[in-house]
Amino acid sequence: MNKNLLNFFGGGVILKTFVYPKESYMEPINLTEKTDWRFIDQVKKESGQDPALCYQCGNCTAGCPYTKYFDFPVSQVMRLLQAGQKETILNSRSIWLCATCEACTTRCPCEIDIAHIMDVLRIIARRENYVAEKDVKTFYDAFLASMKHHGRVFEVGILMGYNLKSGHLLADADLGPKILGKGKIHFLPTRIKGRDKVLEIFRKSQKKRKNSV
Amino acid sequence: MRVGVFICHCGNNIAGTVDVAKVAEAARMMPGVAFATTYMYTCSEPGQEEIKETIKREKLDRVVVAACSPRMHEVTFRRTVEKAGLNRYFFEMANIREHCSWVGEDKALNTNKAIETIKLAVEKVKQNKPLFPAKFKINKRVLVIGGGVAGMQAALDCADGGLDVVLVEKSSSVGGMMARLDKTFPTVDCSICILGPKMVDVSQHEKINLHAYSEIEEIKGYVGNYQIKIRKKATYVDWSKCTGCGACIEKCPSRNAYDYFNFGVAPARAINIPFPQAIPKKATIDAQFCRQFIKGKCGVCAKFCPVGAINYEMKDEIVTEDVGAIIVASGYGLIDLDKLPEYGGGRYPDVISGIQYERILNASGPTSGHIERPSDHAEPKTIVFVSCAGSRDKSIGIPYCSNFCCMYIAKQAILTKDHIPDSQSYVFYIDIRSPGKGYDEFTRRAQEEYGAKYIRGRVSRIYPKGKKMVVKGADTLLGTQVEIEADLIVLATAVTATNDARTLAEKLHISYDQNGFYVESHPKLRPVETNTSGVFLAGACQGPKDIPASVSQGSAAAAKVLSIFSKDTLESDPQIARVNTNVCVGCRKCIGTCPFGAIEEQQLRDGRIVANVIETVCAGCGICSSTCPCGAIQLQHFTDNQLLAEVNALCLT
Amino acid sequence: MSYVAGKELRIVGFLCNWCSYGGADTAGVGRFKQPTDLRIIRVPCSGRVNPLFVVKALLNGADGVLVSGCHPRDCHYSDGNFYARRRLEMLKRLLPFLGIDERRFHYTWVSASEGARWKNVVTDFTKAIHNLGPLHHKEEKTE
Amino acid sequence: MSEKEYIYFPGCSLEASAIEYDMSVRKVLTSLGVKLIEPDDWSCCGSTPAHSVDHVFAAAVAARNLAIVEKMGACTVITACPACLSAFKKAHHRMKKEEGFKKEVNAILDEPYNCGVTAKSVLQVLLEDIGPKAVAEKVTTDLPDLKVAPYYGCIINRPPEIMEFDDPENPLAMDKLMGAVGVKVCDFAFKVECCGAAFGVAKRKMVNELSSKVLTMALDAGANCLVVTCQLCQQNLDLRQGQINSTMGASFNMPVLFFTQVMGLTYGYSSQEMGIDKHNVNAESLIKSRRPVEERIKEEQEKAKGKKPKAKKAEEEES
């Protein structure tokens, strides 16, 4: 936990490569230099939410099922955002471990759609190649890949894709026997006729992203 | 006609974003304007002197001051021109600060706007006629609405000042919220011990006429002469006979009535006296729960009443009182737990509100001061206090701070330790707000001497686990989640306006803000006045307030009343409707529309029926003027000509 | 002298003294920035506003007219604003017959404490009028 | 009862790993006189992963399906999967609110979506369109041993302003339905705590921990079975229960059924028809005591007879 405090204060000078800065010192953040105003505006714009509305009551952190696994609890992500600490945020695992369960959004007394902000941070991180949680991203990619090819997702495919990419070759292998023979697993994906159209969506939005960046 | 225009710099407030010199320049060009100048602070003494001298020197007969809002200084400057020998209505104010220099960013546009605003005022002032106030006698009795600490203070101060006071209290006893409290912060004084004497004074003061268990039905009239209709609700007990012996309560078989005084901590009897020190100490029947009313048979209390005071046939009764001024001290309400679903929304008996805990702590409360938790009457060892339960929460429409929760939580934490030495209190807070005298020291004491653990963070959920309640919160200073397995949870529920605040405001013709709290006439300088002359505010009906603040306001409101009653007559505002009997065709439209019934028929010598305005009753809204088909009835100072002059000043270019 | 051509349009506002005029003051005290087009005429009560004033203003050169009073039921004169509402509703329906777009006339309620709300009312109405463009030079076109 | 018709979007996992959910939904709705039409050539809703790419994309993959439904001339689509539901509602909500966003989304769609479709959960349809009364009428079988804890999961009614159904903190929809079909319901505090959602594969340990909390609370509440509306919850709680036991050193053995399966059982379908056998934790032990509902009713009537005098007294007391 004071790892997080350390993080917050040291955040300003932490480099891209870092994951959790156990060894980082309580460097003062030079707010004049290290406040990334453009980042704040970017998040504001993409999320339509105003971080300034947050008065740090901590309700989001209190209710978040994932706080335990986060390197920064949600309320501190919001605080880091207010302080314009781009590097620290995009390097944090929290933004990848958020499951968008919407507890924070539902309970925020300031009516901030926090889950949506986390979403946006995740998107920015992906766009700018910050990935503090490779496995999560790899899984998402496997999911999307399957969707891209078949138009629908093909669970076995996802699992295999994930295991190969992530290197956890046997992840959830133990579950195999449990479902085998229950008529749940198709070894061939259902492919829809319109999968070219789904593919189009992938292509177009990719193109758009390229142009916009 | 010689109009003089005085343009105020107001330091930089105006001159900063308006080119005042240019404005003066333009003003001099306006038809009818004989003189125009700028001045640093027009409202200052030299500023007003300047105006007076210029009026004489330049032989001005009309004056326009372009400065702040007329709501600030119109009165000031009217006095000034009057001192210089002009009628006070030969004056107009152009608001070039609040409506111009403070809200526009472009200096050129502001300057032009200021010029036009002045042009408008000039055209108006040229149309103005001299008006002269009439004098009328005032009724030196005062109505106080609400018998809480603020209302009682106001009533006592007025009565001691020699005024007859009519005190109307909704519930069956005076005392209000303060009577429910156990102790008071930061002195830990026994609340009822310091309030009791005041309550007794109220009941014994020969100049105070108390209507308990009564509500305001209707208010008519104006400052100096109000007619009030008061509904004395049926108590089904003849209070002239009732001795408050309590025999009826003993015997009442209906044991599940809701206890309003104890906020439902424990059930009450259908016939009840709210608390031992109640004033008046008289019994009241709650017809919702009384078997006589539900089932039509019972009559136990009647059987056992030694003085035969019970009267099931009793009906509400309307009494009328005439007064000259009104002090509103109708107090506050609290949100229900069902507004807080994440805290159980009232489903869990061991999650209670601060005021309920106050009753549990109180020796005269349902547990006679022994702290027990409602579910199983066990003595709680771990108590969690949650501040801002609903306050500062836009998502449920309560964006404001409830003002005194931080302090009473600290007090309750201290008292808990006193009652149960081996208990541990935890306080979840977002900010500790303790700005009063000795307040912050008090919250420190709760932590330093009484070991209350303060946790900076909000609670997100409360749920049962076995006999305990799990409180899931955050410690934002540690940046972690925290969980406490508590025996009892006290929520500092948000303070709101009373649920009938709006209807009362409408009867009083005073305004309320979006939260239902009454609006004072100036937030800094007229805190107890309202925009309706003769109506004053005291206590939490104006916004969440603690005891000292409420008491001060009670006294302040009383002082205001005493000062207007120090004269025997008041000047009526001459800005009222007048009928031009030559033009009036007697169509009676105005009589129908006047909200105050201020217009009556009048027969002229030639037999024609025309409208006639009762000067003292007319409030000057001007609805009649815009209703009259032939422009016969005109609101003085806002006549069709005057308003059209303004319209034309803007539009005919 | 007329409004700053090109930048501003002519907007006249009738504000009741007790609520809306106070609200406009509150907005000022709170420094809520607003467009400068609006010129304010103070009346005791929105009930005092004779529809004739609005029509005169619009015919004689105003591009928009705004009337603002106390919230319904919160009127300083008990129900003046109800009379106002009734009359002005009528007026709104009437304007098209005078060849005036009814959107050029707007009436609303702002209380003395609602500075922020006043800012929005002014900003939105001014925007609306600018979208409609100047009333009178439009008519010249149609002629 | 008059024949109702709905466009029904199964979603990818209801075709495979949660096929029994699909089976039970179809059977239950059919026996309630509801006709289900599957949209032609539907595609994946995008779920959470899409949201990590960008919002226009995420909305687009969801909206593609809504557009298909729209083209079929329907204004409602129902789905059993909360992930699909949330994806649909979010896309619809934002496209409806922001013209610009709508344009962007439609720009990358083959067929534009014009915001004419409301997505509903099967749960909502059962509760609101059909109603507990009609639901109760079809009950033929009583399950005396079953004590269920309804577990709603995170997104089926959060955030309230988008999902627009039931209470976000203490939802009751399933409680009501279970009550309607005569199953014992335990009040359960973790109705909306997250079970670990889509992290099952990537963050197994984390998910196991979160799910175990849910199971523990259900046990504390006195339940012997969880009923769920979400196949992801079902997977995390049932399929991974073994993992949970090994990672947490626990020994849970609590069946996790879809609420539609329980309804189906009370409608007299066999466990096979309801695909109960497709679950990891065996529920048979709780089901085998099933009996005609009449028996229960008889029992209750007798109980009531026995109680009567007492009951009267109690009532006297409280009035």
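Chains: A, B, C and D, in written order; residue numbering restarts at 1 for each.
One rule holds in what follows: contacts are C-beta pairs under 8 Å (C-beta built on N, C-alpha and C of every residue); 3 or more make two chains touch, one makes a residue touch a chain.
The structure presented is a predicted model; accordingly, all values stated were derived computationally and were not measured.
The chain pair with the larger count of C-beta pairs in contact, out of B-C and B-D, is B-C.
Put simply, the chain nearest the middle, going by average C-alpha positions, is B. Each chain gets one centre point, the mean of its Cα atoms, and the points for chain B and chain C are 30 Å apart. Per-chain CA centroids place chain B at a distance of 50 Å from chain D.
The mean-CA centres of chain C and chain D are about 53 angstrom from one another, to the nearest whole unit.
The set of chain A residues that touch two or more partner chains comprises 68, 103. For chain B, residues that reach two or more other chains under the stated contact definition are 342, 461.
Not a single residue position of chain C touches two or more of the other chains. Of all possible chain pairs, the ones that touch are A-B, A-D, B-C, B-D. Considering their complex, residues 1-4, 7-8, 10, 12, 17-19, 21-22, 24-25, 27-29, 31-36, 39-45, 47-53, 56-57, 60-62, 70, 73-80, 83, 87, 111-114, 119 of chain C touch chain B.
If you check the complex, the residues on chain D that touch chain B are 167-170, 189-190, 217, 220, 318-319. Residues 26, 69-71, 95, 97-100, 102-106, 108-110, 112-113, 115-117, 119-120, 502, 505-506, 509, 511-514, 519, 531-532, 575, 593, 595-596, 619-623, 625-627, 635, 638, 640, 643-644, 646-648, 650-653 of chain B are the ones touching chain C in the complex. Chain contact summary for the complex, chain D toward chain A: residues 12-13, 15-20, 41-44, 46-57, 60-61, 64, 104, 107-110, 154-155, 158-160, 168-169, 192-194, 196-204, 206, 209-210, 239-240, 242-243, 277-278, 280.
The residues of chain B lying in touch with chain A in their complex are 342, 388, 392-396, 430, 456-461, 472-476, 478-482.
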